[in-house]
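Order of writing sets the labels: A, B and C. Residues in every chain begin at 1.
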Amino acid sequence: MEATTQLAYALDTFYFLVSGALVMWMAAGFAMLEAGLVRAKNTAEILTKNIALFAVASIMYLLVGYSIMYPAEAINAWWPGIGALLGEENTVEAVLAGGDGAPYYSKMADFFFQVVFVATAMSIVSGAVAERMKLWSFLVFAVVMTGFIYPLQGYWKWGGGFLDQLGFSDFAGSGVVHLTGASAALAGVLLLGPRKGKYGKDGQINAIPGANLPLATLGTFILWLGWFGFNGGSELKISDVGEANAVALVFVNTNAAAAGGVVAALLTARVVFGKADLTMALNGALAGLVAITAEPLTPTPLVATIIGAIGGAIVVFSIITLDKLKIDDPVGAISVHGVVGMWGLLAVPLSNGDASLGAQLIGLFTILGWVFIASFIVWLIIKATMGIRVSEEEEYEGVDIRECGLEAYPEFTGARGSAI
Amino acid sequence: MEATTQLAYALDTFYFLVSGALVMWMAAGFAMLEAGLVRAKNTAEILTKNIALFAVASIMYLLVGYSIMYPAEAINAWWPGIGALLGEENTVEAVLAGGDGAPYYSKMADFFFQVVFVATAMSIVSGAVAERMKLWSFLVFAVVMTGFIYPLQGYWKWGGGFLDQLGFSDFAGSGVVHLTGASAALAGVLLLGPRKGKYGKDGQINAIPGANLPLATLGTFILWLGWFGFNGGSELKISDVGEANAVALVFVNTNAAAAGGVVAALLTARVVFGKADLTMALNGALAGLVAITAEPLTPTPLVATIIGAIGGAIVVFSIITLDKLKIDDPVGAISVHGVVGMWGLLAVPLSNGDASLGAQLIGLFTILGWVFIASFIVWLIIKATMGIRVSEEEEYEGVDIRECGLEAYPEFTGARGSAI
Amino acid sequence: MEATTQLAYALDTFYFLVSGALVMWMAAGFAMLEAGLVRAKNTAEILTKNIALFAVASIMYLLVGYSIMYPAEAINAWWPGIGALLGEENTVEAVLAGGDGAPYYSKMADFFFQVVFVATAMSIVSGAVAERMKLWSFLVFAVVMTGFIYPLQGYWKWGGGFLDQLGFSDFAGSGVVHLTGASAALAGVLLLGPRKGKYGKDGQINAIPGANLPLATLGTFILWLGWFGFNGGSELKISDVGEANAVALVFVNTNAAAAGGVVAALLTARVVFGKADLTMALNGALAGLVAITAEPLTPTPLVATIIGAIGGAIVVFSIITLDKLKIDDPVGAISVHGVVGMWGLLAVPLSNGDASLGAQLIGLFTILGWVFIASFIVWLIIKATMGIRVSEEEEYEGVDIRECGLEAYPEFTGARGSAI
């Protein structure tokens, strides 16, 4: 009995660690996706932002974020502790005590799984503000976002706060993670304005093609893989028959929704643009994944495919609409994570009888409102102090040289590249 | 006892899910490999095909394929079920009942592991027909292949059909997956014909270099990693000493065969071409992996290295031979997965006393015959209706613009690229 | 009881295999990192070296290395055995016998975990000698390194040799793996000399920018992910509460150190160069990872962050210093793995009361001395027989054409590329 309990603890901990490693891998996915969708001259800078934001998130969430989001798990809510900044690990005695309150997996594994989530939310922002935001201003925002803005709303739902008590349902974070990232991104984009040349004076919208689509495709596949950890790990337990079945269903539904998203986006793009637009297929996959994230456990695989497919169709129209509104989002992050994140939240009651549309709407607007307003204020302060937008000259020449002192592809962009 | 049985169920399910995620990751490997080995002007289209075929495979296998291949696992063989399209999950009672027939891992995990396999088979096709096949015609073929052609032969072996009863041995699918993909590819290639300019009028063979070899190398490493899930997961159980030892041996042998394939292909290329040809090293790794896939459990690691090495040597000569026969396969998929897949099947009796050369030959020709003929007919029908080959003009200009409406590397291919 | 023991065996074996697969994935990381940091004209060759060295390491370690490093695990220390070249697997009886000496995970899983480590050490070498070393000479060195030089020092610590008995502490190999790789690299670099044009006659140092920074960034993320297996797997057991907690802490600390390394390197580069140098951020991440590898279990996450951050700062100054000494290391491997590896070893006593600075220094100088001297002699012999450096003409034109007979990016490097 004792040995079995310890084994179950080990298995659940290992499952958490593997899931967390897959979510960490999503950081690479965002980096590749965004690097592939910007122009060559802005590539090194977006890569720098991506690896730096992951580091900032890891440190800030350790120092303050985790304590805010899960006050019960940390030393205490106000982290005065020097040293671990995390609570003591579970003792064997506590584990073997049994009962509903007994810990069944490592606290450190829980922290690991949570810390990679906050990085995901922040990665969403970097894509939307790409090609024109100052690097160090972005990183200052990352400090506030990952240390405070994200953890507070995370507490409201996953930490047991008021949204949780209201019955708001968000299994793995269509709202808590994806809509959060997109709301912060939207605030930044509105303050930044569009890239030079994106919107013509006579109302035309100019496509600014990404420099490296294999990279963007790789990023999408990385995210797809990582999402098995993102959604699969969010079941939080695997060590008995019922839990193992649940995790398996989450894997199947996550994959099904992504597949549905690809097919729907590709067909929608075929109809709308007359072409099998690769970038829409990629965004369709991500949209399917975001859509199923709020509830990957209650739908059947067929329903999951349909939820993902609707996400895939929505994302195409959302990208078109945002462009008409002159909201310039180079990678489509606001559409994929924000608009489709809302669809994911609202779709929960379709398959989960315990969810209500009312609670979903309250959660949606709470997250959107809090993150957008808080982010807007922070962006405003940064704008007033450090500035948020690079100079016109720097934007024309590309941010890589001035910000990073190097080029991403020094040998590839000859006459043709410099003309763009 | 109860708790132990449930834990074993959870561990086996988790092992399946991790293995399946690794196999899903192979889709990224094929995408990168193929994107790296085609010319820049055809890159976005091959990426679109790769992500779309994975989505199509996921949906078609859910809707019909799984029910055909594993009639015992699905609701019933003729899938009239609305809803899950998959059978009910195992109950705790059924698991605890024990005995040989008791389920020991989640049905959904089984589906997940199977659905990524069918995508692998389809990925093999896209490489061979690259740079000249119409995108939508390819996807229509993918619908038939993943929904019907693959599942039926899969049933004959893994679903318990006549090949299984005959004693045909194919541990993880040198035949069921790799030869299947290659046979469908061969049928398509024969109907398509070679790329313009590949074979000169006076019999010379023109090398058409791939645009991005780091991408092709990345793809190969991804496939190598994913293969641990492909072969390792095919043991189907890990939860006792004997099974854990077996899975570990499969991991070691899989790695050893790939290593043998690299070294042999590199040395063979050195002798034949006088150069350490990177693309041959990559194909050698894949050939080693395909070769060991039919039986990664009975050889010692040294024998596995040799089986892989022979595969690595075969692939070099096969690629040369197919070119002499004017069978144009831009990525070498028919050689790697077809010719070496046959070697893998025939090598089984070398280390596995329960296998016979006769049964292996029957399995080999059954799979080759069925898949080639069925695929040929389907390709013919598509050719007669939608057409399968792009226009000469489109082929010259690259399929990316017409099919996808964008370029994979809009800034990199200047004067030099357009001349190819 | 029996069933529980078997389950624990299965879980520990699975944990080893997953960890080993993650370490194998690091081979892709090194390949991408190095391919991104060299010039386009030398890219295919560095890729060939990377995949070939992994294959050579896999074969040599099977044939001789493992028996030297772990004589107790192999058939015997002098491998006369034909066949497996590895000992017999554990029987169920031996596992169930219990007691301290009873095996608790598969021997094959142990071999798998070890074989991917030796490849890691060898991957470090390829980067430092890039752009000027002959391919086949490099591979001959790889044979000796992975078969003999690495395993012997590995035996001294991990095989239970004199360094282990002296109390030298190196959890996952800051010394055994990283310093080893760097010491062999340093010997090679000293004999090779710098690349043409790197150091001007009047003492100036010319930057030779890498051709593909997204690739280098991808490689860094791959290494970061793989390191969870590298350090996490080195706990060697996960199947009870204490061990599971330990593995989880190792994961958290590994991530924290990498994060600290990124931030410190980025800030240091900002101060020193005035730019947010992406390549320094990447090297900072790797430096953080190398620094924590010697002891990821005893620090708190905050201390781990600081240990990594110090590594990230060290690496910037080390790269600058080596350049001043005209030690030309195109990817910074000697700084990252050697100099920071030493920091990692010396930092162990800061958090681990069982370690002593004296024992750490003995271990450090033993590894450095043995590997440097042995490697130097082997490089000398290769230089005298095959030569180690390509001709000046070949270096100018790029090693890809002559060594591999192909180009990595045939369409991308137009007028601009050829001028570099």
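Operating definition for what follows: a residue touches a chain if its C-beta (ideal position, glycine included) is under 8 Å from a C-beta of that chain, and two chains touch if they have at least 3 such contacts.
All figures in this text were calculated on a predicted structure; none of them were measured in a lab.
The minimum number of touch steps linking chain A to chain C comes to 1.
Copies chain B and chain C of the same chain sequence form an interface built mainly from non-equivalent positions, shared numbers / all numbers used being under half. With centres defined as mean CA coordinates, chain C is found 31 Å away from chain B. For chain C, residues that reach two or more other chains under the stated contact definition are 4, 7, 11, 18, 212, 218, 409, 412-415.
Only residues 3-4, 6-7, 9-11, 13-14, 16-18, 20-21, 24-25, 27-28, 31-32, 35-36, 43-45, 47-48, 50-52, 54-56, 58-59, 62-63, 83-86, 89-92, 95, 105-109, 111-112, 115-116, 135-136, 212, 215, 218, 403-415 of chain B touch chain A when the two sit together in their complex.
The part of chain B that touches chain C in the complex is made up of residues 1, 4-5, 7-8, 11, 15, 18, 22, 39-40, 209-214, 217-218, 220-222, 224-225, 228, 232, 238-245, 247-249, 251-252, 255-256, 258-263, 266, 273-279, 281-282, 285, 300-302, 305, 409, 412-417, 420.
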